[in-house]
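In the two assemblies presented below, subunit A is common to both, partnered first by subunit B and then by subunit C.
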Partner chain A sequence: MSLIQQGIFGLVTGSYIAIAAIGFTLIYGLVNMLNIAYGEYLTIGAYVGFLAADSGLPLVAVLGLGFVATAAIGWTLTKLFFRPVVEKGPIPLLITSVGVGIVVRNGVRLFSGNELRYLDVGQPAVYRFSALGGVFVNTKQLLVVGTALSAFVAVHLLLTRTNVGIAMRAMKDNESLARINGARVMRIRNLVWLLACGLGGLGGVLLGIQTSASPTMGFQQLLVILAAATLGGAGSAYGAVVGAYILGIVIEMSVVLLPAEISQLGTTVAFLVLIAVLLVRPGGITGQEVTKV
Partner chain B sequence: MFGFNGGSVPDSTEYSPNRRQILKYGAAAFGVTGLAGCSSDGSPDGGSGDDSDGDTIVFGEPTMETSQFGFIMAGTNQSIDLAIEEINESGGLLGSTVEVSRRETGSDPTEFREVFEQFVNNDGAVGIIRATSAELTPNLEFVAERETPLITNGAGTTALDDYGGDSGTPEDMSDDEWVWRTIASDSVSTAGGAKYMYEQGNERMAILAGNSQGERSWANSFEAAYENLGGEIVSRLEVQNGKNSYQSELSRLFEADFDAWGLSLKRDDATTLVREWNNAGYGGQMIAESGIRSDEFVDAVGEQAEGALIAFTATSGPNYGEFEEKYREFGDAELHQWALAGYDAMTVAALAAQQGGDASPEAIQQNLASVSKPPGTAVSSFPEGKEALENDEEINYEGVLTPTDFTDDGNVVGDVRVAQLTPDGFEDEALVSADEIRDLFTS
Partner chain C sequence: MSDRLFETLGRLRVVFDHPGLVGAGVFVFGLVLLLSPLQPEIPGGTQAILQVALLFLVYGLLVTGVNLQYGFTGLVNFGHVAFFAVGAYAAGMLTASDPFAGIGLGLHWTVGLLGAILAAALLGALVGASTLRLRDDFLAIATIATAEIVHDVLIGFESVTGGNVGLLDISQPVYDLANGDADTGLIVTLVLYLGVLLAVFALLTRLTSAAYGDVLRAIRSDELATQALGKSVFSYKMQVFVYGTALAGLAGGLWALALGAISPGMFTIDVTITLYIAMYIGGIGTHRGALLGLFLIVGLRLFTRFLNGVVPLTQTQFASGRLVLIGLILIFIIRFRPQGLLGDAKELGLDS
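Now for the complex of A and B:
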């Protein structure tokens, strides 16, 4: 029973990591930026979701508002802080993102305090399966997984069925060539930022619904998101999804498989898996090169 | 499929950097960022804390607004500020104004060492008020070497059960360990809780605890006391602090067969865990570490965790009622055990200096024990104590959390109250006297 139950928990954990990891890897792949402030988009999304839920909006609106508001705020932060230093290269950009992350994190703390905020979407219904030894799922977990699957499908359709998606893929292969062929590079970049930040916000809303919103919640997820993107193959949206689910399942399984004294080391085990995979496949699961960072 | 584009070419016409803009935003960023680690002075005039001249006596307070225990700071600061206001309005400590210098540690032991040094070397602090178990336990030797008394309203760690105080020899400072606490050891409340649980017929229990010093300390104390009584801990799980979800940990814990379970987690983590525990419908009688006792916890999970128990040091201080009225008038911060202990810490430290006739670390250290316990005129505040001392009387400070009778190891002892969580708050369930549980201490 326990392993099946842990597998379900792993799918839930992997789901919100995956949504965020797609956004992270889109920025990484198209803007060539390791955005350390990315975790804060989850935090922003969760707090927007809290405000939306607190004002009585329906769940769909809470999710939508979390996406849209975080996209707008994230894009504004990009305009204010990242674009002015983008010419300086990846290292100044990286350092700037560290600073922006700290500013946003403490800004949220100043604005709302340290208290946890709960996105009240009602008491979840629990479904138990006695045939599986009492394994259960609740409606919050189903919401997280269902929303994640919807997001994956939407991103897949965007990348494969729209001109914008085709332009994004062209830019990732050769930006100069894409520009010569008429791709509106700045417009595409703006869209990538909006999409990536929005996905971060959506992941944050789901995480907030599943647990709670706090000033450090996004930052706490950053390493796992980065690991998921790297495990899947940095820059690959599909790889990020696979990497996120692998990490989510490993983290949750470790809690029951490790001895009780060290059961809190689940995240450590997940990173050991990451290291092992990268030793065998330096480009991650999808074989994307990461050596250009 | 997407791949990393290492050759991204920025559009120089649209991304032209504006140096003034960067400087402007950079300055703003540093300004906000700096708030995370700034120091502040709780003095009424808002001045810096390094003006400890003849007219000002400074106490240092390491704060932890940015830690998970940050929620206790508002109440702690309010009670310390109240005590200081009483001191200053009574004519001051030895005629001087008392100020508190506050510096942030985030409950980090390394930061704690740094701010301790700053208090002593920069601010001229004569005593330090407040430290957590996490800050203090690795720094016991460090504090003793600085020879500046630390009187904390927290740090329930069992590591201090037989460490601290003046060894009962105030005149001989060579054996002093310079740490005192105005809150009872975790050993006291956990032993009381363990005794209550065992006597309620729970013979098999499980424990889930966080991995910080304080949380481990609670779990160790509980396990030792419970097993001393004859109970069996069938499962004990240590979990990582700050996780967004504890579903897997709960699933593992509840695979074992037990009558009740103990929970030792910081309030925010405990709130997360309790919601998941309730959502999954695990059930089982829970007894939790007393740190969760707060209005916020009740608001967040009062319904979900209804019936859960906590055991905490009873507010058996003889002057609690009088203090509560003053505290409510002084501000609107939540009143909790650390706030009560904070008032006791500040007041007893000031009385020690007043009795010693010298606002120095040594005078405070040498007089803490004698002003806190019989014999002497019972006093409940600095003004009362000062008046008695001016009349050449010995004094016995009677605190608001406990009677504040320091032992030779710098500890205080109090009764233990067991309370039950309801959607409206915690309701008293039982009282376990300190005498009943003294033998169960782990030290």
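Now for the complex of A and C:
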């Protein structure tokens, strides 16, 4: 496999990680919460996508439904389980999310079983570039990267050009100050949760189209998402995107650059990068205070 | 009826009031049983219970260790399973005589057990020195990442660790001394490990009821104030972290030497999650609470396993249902009784 080919795979992997990492980091910025249940939003999205594709809906509807349904389900879970414990602090919130993750993951397995579900969106067309040594891309990969780019633009416009987005950023910096200046805190909080869960669902549909849906698929991605968000500087949406693409490319490149036996350790390399970053520059790429003493 | 029950439970307190003495007694009893010509037989059908009992005893060492770190000192070690795994694999690689794949040096089991403790403590010192200055939630990330790296390495380096198959043919000293009689081996192993667990329990109780424990609790509630009082917070954290990881190494060594075969599937993040659920159910920051919580969660696992025979569901559905239940228990405990069954809400600063 050539380096260029692996680079393309890296962009694809980075894309769905990035979509999810933005959502993860939005929640972190809002309530200081490491949401261990975040991976489950990807799973929910993928299963919703499977059901939608199975009933013959067009691709756009599959993606849209994955976003909307996951946003609704995720928001309900928040209302039921997270909001009552927000005041107890970050660690009880983290442990609660572990519990919610277990419940959702196994709830899905209870109803759907362990078998893989394939999202049928038609056979992808493949484009080969013989000038570049047989490098190829297919339409599924283009779909993932294209959707990711549109999502980045949308989130960027939301955060910078709308009053809601400006209020979101203000609340992240200082909630009391934002409240005094007229931000409707509860409404903004709800919106952030809806957006974050929806993005998780969208990432899940894309991952499901790339591979398949299974009860543990989201949980398996959780640590990489978490690593991407931390790498970018927890709480920063732009940092999360950068972190996700760095990880995606590192993971896929390590397949060719490392000796065969170690090359399965792509994600391991990602975590090594993460720990190294935490040690050298604990605030991630965008820089934030994360040490105490 | 209930009076008599409480009376019996009251007598059980002797065990917790003098755990060191009882532990030593249990251990000696185990040795006598091992060297005597007696060959106890396990009644059919109780094999499953005894297997779960072994799991409880080994996880007991894990939960007391992570409780010392998180429960007493507030260090969010979310990668405890890594040190358990390193201990198990150190013991495995040192003592296995003919592993199917991977390294086996065939050394004596004492070397294996010592190596298990040292390897885990060494990794603990390394991880601790580099990450203990991070804020709570980032310490959680760093330790989760450590556990993930260890797990991936166990699978990836097949020629060293045996990959997905794991290590086979690890030395089983107790079974060897029992002349290969499986029933005697299992029973003696349980008795001996119970002795070890009680001894560890005694040691940790001494440690945390001394002034040392007060410093740990002070760090948990206010790090800055403790620092201001002239205590070297970092060195206390470091010590506690290494004690906990060494204990996890011991647990891993005992696990490998009891089973004779280990594989990466035993060392997933689920182990760490089980430990935290146990701590929260029983009560953060009490040794008894942690063990009680573990007992309940392991008991639930056993109980539902028996239930599985009666209810018309597939194995997968049943396992999923049980985990849904466990997740819900965790959520509701944190919401409605965050101090757990035996914890002290006032001391944990939860009643404000």
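One rule holds for everything that comes next: the second predicted complex is superposed on the first by the 288 of 293 C-alpha atoms of A that agree within 3 Å, B and C clash if a C-alpha of one lies under 4 Å from a C-alpha of the other, contacts with A are read in each partner's own complex, and residues count from 1 in each chain.
In this text, contacts are C-beta pairs under 8 Å (C-beta built on N, C-alpha and C of every residue); 3 or more make two chains touch, one makes a residue touch a chain.
Owing to the predicted nature of the structure, the values given are computational and were not obtained by experimental measurement.
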| item | value |
| --- | --- |
| Combined model on subunit A where subunit B meets subunit C, clash or fit | clash |
| Touched partner set for A:278, first subunit B, second subunit C, both or neither | second |
| Partner chain in contact with A:99 - subunit B first, subunit C second, else both or neither | both |
| Touched partner set for A:217, first subunit B, second subunit C, both or neither | first |
| Touching partner for A:109 - first (subunit B), second (subunit C), both, neither | both |
| Touched partner set for A:81, first subunit B, second subunit C, both or neither | both |
| Partner chain in contact with A:267 - subunit B first, subunit C second, else both or neither | both |
| Which superposed partner A:34 touches (first subunit B, second subunit C, both, neither) | second |
| Residues of subunit A touched, compared between subunit B and subunit C (which is higher) | B |
| Partner chain in contact with A:91 - subunit B first, subunit C second, else both or neither | second |
| Colliding region between subunit C and subunit B, picked from 6-14, 24-32, 384-392 or 402-410 after the shared-chain fit | 24-32 |
| Residues of subunit A at both interfaces, subunit B in one complex, subunit C in the other | 32, 81, 84-85, 88, 99-100, 102-103, 106-107, 109-110, 114, 234, 261, 264-265, 267, 290, 292-293 |
| Subunit C residues within the subunit A interface of the complex | 76, 130-131, 133-138, 140-142, 144-146, 148-149, 152-153, 155-159, 223-224, 227, 233-234, 273, 276-277, 280, 316-317, 319-321, 323-324, 326-331, 334-335, 338, 350 |
| Interfacial residue positions of subunit A with respect to subunit B in the complex | 2, 5-6, 9, 12-13, 25-26, 28-32, 80-81, 83-88, 99-100, 102-103, 106-107, 109-110, 114-116, 118, 123-124, 126, 136, 138, 140, 159, 168-169, 171-176, 179, 185-186, 207, 210-212, 214, 216-217, 220-221, 233-239, 251-252, 255-256, 260-261, 263-267, 286, 288-290, 292-293 |
| List of subunit A residues in touch with subunit C within their complex | 32, 34, 81, 84-85, 88, 90-92, 94-96, 98-103, 105-107, 109-110, 113-114, 223, 226-227, 230, 234, 261-262, 264-265, 267-268, 271-272, 274-275, 278-279, 282, 290-293 |
| Touching residues (chain side subunit B, partner subunit A) in the complex | 1-12, 14-18, 21-22, 25-26, 28-29, 32-33, 35-36, 65-66, 68, 70-71, 211, 235-240, 242-245, 247-249, 251-252, 255, 268, 271-272, 275-276, 279-281, 296, 300 |
